[in-house]
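In this document, chain identifiers A, B, C and D correspond to the written order of the chains, with residue numbering beginning at 1 in each.
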């Protein structure tokens, strides 16, 4: 499995990319159909950051389908990471920071899995995660950086990086290996049926992971007509030819936020934190049963949060445009 | 002078950047005041590409002020390059392509200056120009690429590049040296008085040259309130702290185009082409006299094109939003 | 569907023959002029989901008949585009491998498909300084190429004065040896013939002659020994349909005079 | 303007003392919690043109009193921001050198200002797996740092279990020798004192004590020998004005309880 994180040989990357269907055609499907594009053992890059634009609906579908041995990478992991570990979908995460969020303290689910050796947590600096995806997006095997030196974060990743003396300046540099995920799962505010996506607000690392990945699954708050995309091509952030699936999923990040649409469902995040704090193992299992395994549809899942919470999160979400 | 194109030592780059005034304050000034920020011998990166978003008003001011020995770099040079050579402002250009535009054939002004050895034209591939600026923007001494190998374009630049075998994959790569221009001159559709800029349509290499440069001069079609910038922060393309000067100059690219605002003034471009085609030396001198030296203000300059041409270019420019 | 040869210009012939080389669903990095016309023609005829990219930073535009862009960097290139993005990022799509075909014109080409658009004569003391590579070096370094150009002896030379855009360099494995492990010359389309490259020695060879063109005519207009494929064929002349669509695209014959 | 010590919490003291270290016009990369509060406080009081950056990708936001963001990556961080951009690009601003100060909290710090937010105990068999670096490693590698934290013996250790965010590593020139040629620890602010670092051996030393705090009190709460500056001073306690603005920013005491 570790092989999946090594730099992909260029000729393999090119051959894979050439074999993909990159024509302009419809890719709209259901959550379940899209989730079936992810295979056991895949390296899945997750869009968004912490509680923002998390592709929760796709994670819900992957957990329900019982996917196994995924390597999950993300800029920063929040409690979607807990759920991937607790459900057994993944036991290997690659990220810069992992806990529900600063205000809730250290994730007990992460601790349980990592401290007992059930899961592996590869730690890279935030910029390094970004540069690794960017190298993958650019089609180069590495990017150089002036970070990750001297520290134990750097030392612990040493088997995967290389040191270099700059042939121009003599500077010491670290070369960060490219990441080309098997699949990127990304939630956006708007996409057309071909897979052109617009993103409002914070873009995080999503453009790079889309460009770097071998397959892209988009979930979107709204499916819009291609004519709208073409009317403002300078607002497109992900081009159709990288995209393999488009799924319309309103509130697709709940209980996390989607910029300009809804803020986090804070009460629900608090409830989750209390539950897993009391007992990370049983708490997470109970949450997964209630919110994932016992909800046949995404609408059922949302129902668990309730209408009042949805309205409140929406009101706060839209308020960014009140200023 | 060649030194200015060598990779800037990192500690010098950092010290220069730290010494810059990066606070949030007003930077609005006149074309003349802004042009005075450019010094003889500076490496000046020019925003836009070919006939698009060329900072013509700033070039007009630099030529009028008689700046000397500038090294001018740009993604692709059109006839603003002719004028920099013919006026004696620059005798060293760094670009991927240099002529007024495909439909007008080879620039006779460029030919005259380069073939007689009066000017130096360093040729880099288009992507390489972009990656050199990007390296400068990222604060790294180089970026790796898989282009510029095997060809004479690569060989001719050999003294400035390095070959490398990838320590991860064994791939052959070329390392492109960072460009950190002394000044970037960029024209945008909108900017606020602090130097936050919005760009519609094609962004070219402008974000990277702004980030890479030691000084940024913005000219803008419209000066807008900072409140407008803050209402849509995801539309800002150049942040205020890179910017040293903001000048409001309507039709600041004429006779070139500014996306969504005016298309090229084709008749005037034809006239210019005919003039320098007949005699590159005298033709360019006559054009410079008529349009540059004998126009005391930017309004005088525009007057030479005439109201009908301005209205026509505007109508065509806005038409991109008719679809 | 036979058409009278005098009924179309050499440029129209080039555009039509090139268009036929493109398949539906492909992503094509195109220059302006004949390449743009050919790609748009293919899109209108047999390849509706073909995507055009311009090096100015444009993905999937809709080229408006009669409003052809003067370069790949003006707003006309972005009409109804799916996306615009920085130049560096659109060029990087080539390196990442998303592009099927690069398509450009050529000023000078040699037997190995190397293109020169930089210097005529000695680069240090050039007879003519040409405009330079633009994206040509990147495109030909990183993807499969189609080149459309006039078939003239001064353009088809044994060895180009300067390799601006690499073809197969000095033939054989020299391209890959130089580090260019992907891409390479795919087809050269002229007003006389359609050329490909030998799989081993990588030299240019004629795959098909246009209607009414003889082998001698091709050889007399080529500055080097040019082989003919064992299965040499003749191309179908432009159809009335192809010409009609083409002329609608460029009614003022900006690129097809 | 003297204030009764019992009139403010330890966190409020931290926020006020940190805010005073910031100058107008600076660009500060801030974490949430005390750093964000302190930077915002400085902005409201003496540094109106100071700019806040968040690692989520935010430049120059206006933090709304009572609506403090729960992390640096939510939309609340972008209120009236001048720009939002990809995470990688906002981090690269540090490498390019646009940032004056990185400002964060700390879980564990050692005499050389190295911070640990990754592991308690042996990293291969950790007693506690902490959340990790986030942007901490990049920020502390590439700019000058201010750290605000509670002054406790278990947090001020001789040597951190794991260097997540590099300070001066093992002192002397070791930081630059490791390739980190810029930045480094500037100040550590606690509820007891204000610390800096010796210019030669790069060890932490006390620059000023907060009002009513003794040297012994500092030493008893520090796990290593801590020097006192020859010109040791005492800080002015938080003013009523500073506390008033601070309390308006965090009325629910989310970060200042």
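The rule we apply is simple: a contact is a pair of C-beta atoms (placed from the backbone, for glycine too) under 8 Å apart; a residue touches a chain by one contact, two chains touch by 3 or more.
The structure displayed is predicted, hence computed values, not measured ones.
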Interchain centroid distance [CA atoms averaged], chain A/chain C, Å: 40
Between chain A and chain B, centroid-to-centroid distance (C-alpha), Å: 37
Centroid distance [mean C-alpha coordinates] between chain D and chain C, Å: 59
Residues within chain A bordering two or more other chains: 10, 139-140, 145-146, 171, 173, 201-203, 230, 234, 323
Chain D residues counted as touching two or more neighbouring chains: 58, 78, 80, 84, 92, 95, 181
Arrangement of touching chains [line / ring / star / complete / other]: other
Which chain pairs touch, all of them: A-B, A-C, A-D, B-C, B-D
Of chain B, residues touching chain A in the complex: 6-7, 9-10, 139-146, 162, 164, 166-169, 171, 173, 175, 177, 200-203, 230-231, 234, 323
In the complex with chain A, residue positions of chain D that touch it: 32-33, 55-58, 70-71, 73-80, 84-88, 91-92, 94-95, 114, 118, 123, 126-138, 141-142, 162-166, 169, 174-175, 178-181, 254
Sites on chain C touched by chain A in the complex: 24-27, 49-51, 58-62, 78, 80-84, 92, 95-98, 100, 181-182
Of chain B, residues touching chain D in the complex: 10-11, 13-14, 17-18, 21-25, 137-140, 194, 196, 211, 226, 229-230, 233-234, 236, 239-242
Touching residues on chain A, where the partner in the complex is chain D: 49-52, 75-76, 95-99, 101-103, 106-107, 110-111, 114-115, 121, 123-128, 130-131, 133-134, 145-154, 156, 171-174, 201-208, 257, 259-260, 263-264, 266, 317, 320, 323
